[in-house]
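In what follows, structures are represented as structure tokens.
Same chain, two partners: subunit A is paired with subunit B first, then with subunit C.
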Partner chain A sequence: MADDKDVLRDVWFGRIPTCFLLNQDEVTEREAEPYYLLLPRVSYLTLVTDKVKKHFHKVIRTDDAEEMWFEYEGTPLKWHYPIGVLFDLHASNTVLPWSITVHFKNFPERDLLHCPSHSVIEAHFMSSIKEADALKHKSQVVNDMQKKDHKQLWMGLQNDKFDQFWAMNRKLMEYPTEDGGFRFIPFRIYQTLSDRPFIQKQFRPVSPEGHVHTLGDLLKEVYPTPLQWLSEHLSHPDSFLHICVIPVPSD
Partner chain B sequence: MYPAVLRVAEMSLCVLDEEKFHLCCQLLLQLSEQLGDGWTWEGGQEGYLRKTALRSVVIDSSSVWDYEGGGADTSCPSRSEQQEGEQEQAAVDASADTDSIKGDMEDEEEDDGVCVASAGSSQLLQYEYHILHSCSYSTPVLYFRACTQEGRSLSLEEEHPLLGQPFFMLHPCRTEEFMRPVLQAAQDQHRPVNYVLSWLSVVGPVVGLDVPLKYSTLLPPPAAQSQADSAPLCLSASLWSPP
Partner chain C sequence: QSMSLSVSPAQTAAWRRQIFEQLSERTKREMDDFRHYEQAIEQSVWVKKGTM
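After this line comes the complex of A and B, so read on.
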């Protein structure tokens, strides 16, 4: 049990060293220095970058500055995805620190949601929690919570308070013993080479016959590509299918 | 002649799985075609219903698009919050706010592209409506957006799950609740019911999407409609946030 708790802490306290650079097309009154920050993997860009905005507002012409947005190698970064997901999806192969470009003009309306205040992030975060509970518990646990309990989840995340967050979150991680798990597992699979933002489906942690499902079973369900096809089309010239299992970057 | 009755067991009365959703959509498309109502299916197997409409609207920039003070109230309240009456407040505000955005909208049944020229403050907007299936809530979900003629879109709330683009969304978490009386009544009276069509006739008008009455002349009139109309709606978009 002690090991499981360590995993929770490792996930919560994961950090990504990041370098924020102002887009070179921005008109500045002085030279813009880069800004360095350790970003929490589990948080959201617009929640943790107030200092970045302050830093660059000192050098740009603030009267025509619009909403700040971020981009990595030409791809606008969706603030409503967890930072860790954005990094793993777009930049996991690059050398640290992660270099993100900051913009104050030409907001990409078709790609990014607007984020005018922290309340919008909170609404989004709570919406995800509720959707996840709809899958796990038919919304029973989250609906039985008080408004102050929901607030505690948000404040815990916003203020980086692991204990405060988990005091409430543990309720969302419980399940009736006789069920053997949640009703469905909330998961999302992101693919860079797809228009579709992510794959999400109903998937049970335990089969009706009582078999405990693994990640492999999930992938089998979502990616039913026959091994034969993979062998014929994705083999290297040496005729081998080379399969890599990489560890999560320890930040 | 009315297509296959959707026989539902008591337990799964309000659960709309993907297969049932597809069936309802196919039926709706057939009716839409007969009526010239403009719905299409996009995206293949994992797709959605789509419709566009041009509207001339009066935009009151101060009250409609400013959601700086929106806060977490814009997300779905829990049951305990509902008891505080916030839900009713949101529904009341929603109908009040609708007027400021609808402005001089044309009646959908008569025309689909004519705009009314008004002095100064009106704009021609292209509205786009998508109906998707939510596997998390097992209900239909309505996504919509509006663009100006120059392509600049209005304030955004949610990412469209298939297109990855910003849309407004009517949050599905209360759908099962307000659909229950409608579906129950239909079952009690042994009437066929199209979940998606019934649901659309409730939520559509809230976002300026008319569902022509002629759809229902091909169906028996739903007796529980007035019950469904007064059921509280849960709206995600900050557009409807209480003052």
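After this line comes the complex of A and C, so read on.
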């Protein structure tokens, strides 16, 4: 029987094979070859695609290159959602590799946040961790950490260092035994067929009577997995449990 | 406050096994045919040198 710690590794080391194709409307000096990469599910698109940018910059006129952004079948991909969330939400029924179109012009201002540097991603990531810790521990853990500890979380994600990240993230996943779990579970539910970006609300891992809440209680479905365990083991590095609700394929 | 378990040990074993299996299936589905692809994040190798 596998150990719960193996789940943390499986979540961290999840990869999406991806084929990046240049948008056909871009003006190129010669034909742009596709670029293939294994993307970490737990990271962010703009954090792991410097090589993609460099690859396509070789063939487009540099004067024409504005901020790089990504699209899948007409949907601009939000870099501030984890890569695994984007894939599950928009492309989980697709044939692999995941085919992403790369753009260097006509940035969709209404759909995407600008991402001029990795420090913008770091700020977004740390703000998620802080929001999650406010829900889990009234911000006590994250406030007790030093600046270098925050940096360790970020550097662990940025450099794909599982041990470095978890040495610190362990503290964010602890709770007093008598509480039976976190104060509230940080989660977001994404739906493809909804105009709302996601659903987020306060939900406790244990009922006032002391019963453990399950994912089924949250989703109003029968699925007897304690939310506390899901939050500890399946959360993204940003400390949030990201849940995608996707339609069952009809074929 | 004492915790009362609303999920039986058999149910716990079942959901745990299901998640392990689903993760393992996902890894197989998404990675087995693509291990030759380049990793997006290079794993740098650090050699720590010290004087004794």
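One rule holds for everything that comes next: the second predicted complex is superposed on the first by the 218 of 251 C-alpha atoms of A that agree within 3 Å, B and C clash if a C-alpha of one lies under 4 Å from a C-alpha of the other, contacts with A are read in each partner's own complex, and residues count from 1 in each chain.
Keep this in mind: a contact is a pair of C-beta atoms (placed from the backbone, for glycine too) under 8 Å apart; a residue touches a chain by one contact, two chains touch by 3 or more.
None of these values were measured; they are calculated from a predicted model.
Peer 1: Would you check which partner chain A:145 touches, where first means subunit B only, second means subunit C only, and both and neither mean what they say?
Peer 2: Once the two structures are laid over each other on A, A:145 reaches subunit B alone.
Peer 1: By the touch definition at the top of the document, which applies to A:111: first (subunit B), second (subunit C), both, or neither?
Peer 2: After superposition on chain A, A:111 lies in contact with subunit B alone.
Peer 1: If we overlay the two complexes on their shared chain A, which of subunit B and subunit C does A:243 touch? Say first, second, both or neither.
Peer 2: neither
Peer 1: Between subunit B (first) and subunit C (second), which, if any, makes contact with A:14: first, second, both or neither?
Peer 2: Touch partner of A:14: subunit C, not subunit B.
Peer 1: So subunit A touches subunit B in one structure and subunit C in the other; where do those two contact lists coincide?
Peer 2: The overlap between the subunit B and subunit C interfaces on subunit A is empty, containing no residue.
Peer 1: Please output the residues of subunit A touching subunit B within their complex, sorted ascending.
Peer 2: 78, 80, 109-114, 116-117, 119-120, 122-124, 126-127, 130-132, 134-135, 139, 142-147, 150-151, 154, 186, 195-198, 200-202
Peer 1: Show which residues of subunit C lie in contact with subunit A when the two form their complex.
Peer 2: 1-7, 11-12, 14-17, 19-20, 23-24, 26-27, 29-31, 33-34, 37-41, 43-44
Peer 1: Considering only the defined contacts, which subunit A positions touch subunit C in the complex?
Peer 2: 1-2, 4, 6-7, 10-11, 14-17, 36-40, 43, 48-49, 51, 96-97, 158-160, 178, 180, 206, 209-212, 214, 223-226, 234
Peer 1: Would you tell me which residues of subunit B are touching subunit A in their complex?
Peer 2: Contacts found on subunit B: 67-72, 74-81, 135-137, 152-153, 155-166, 171, 173, 236, 238.
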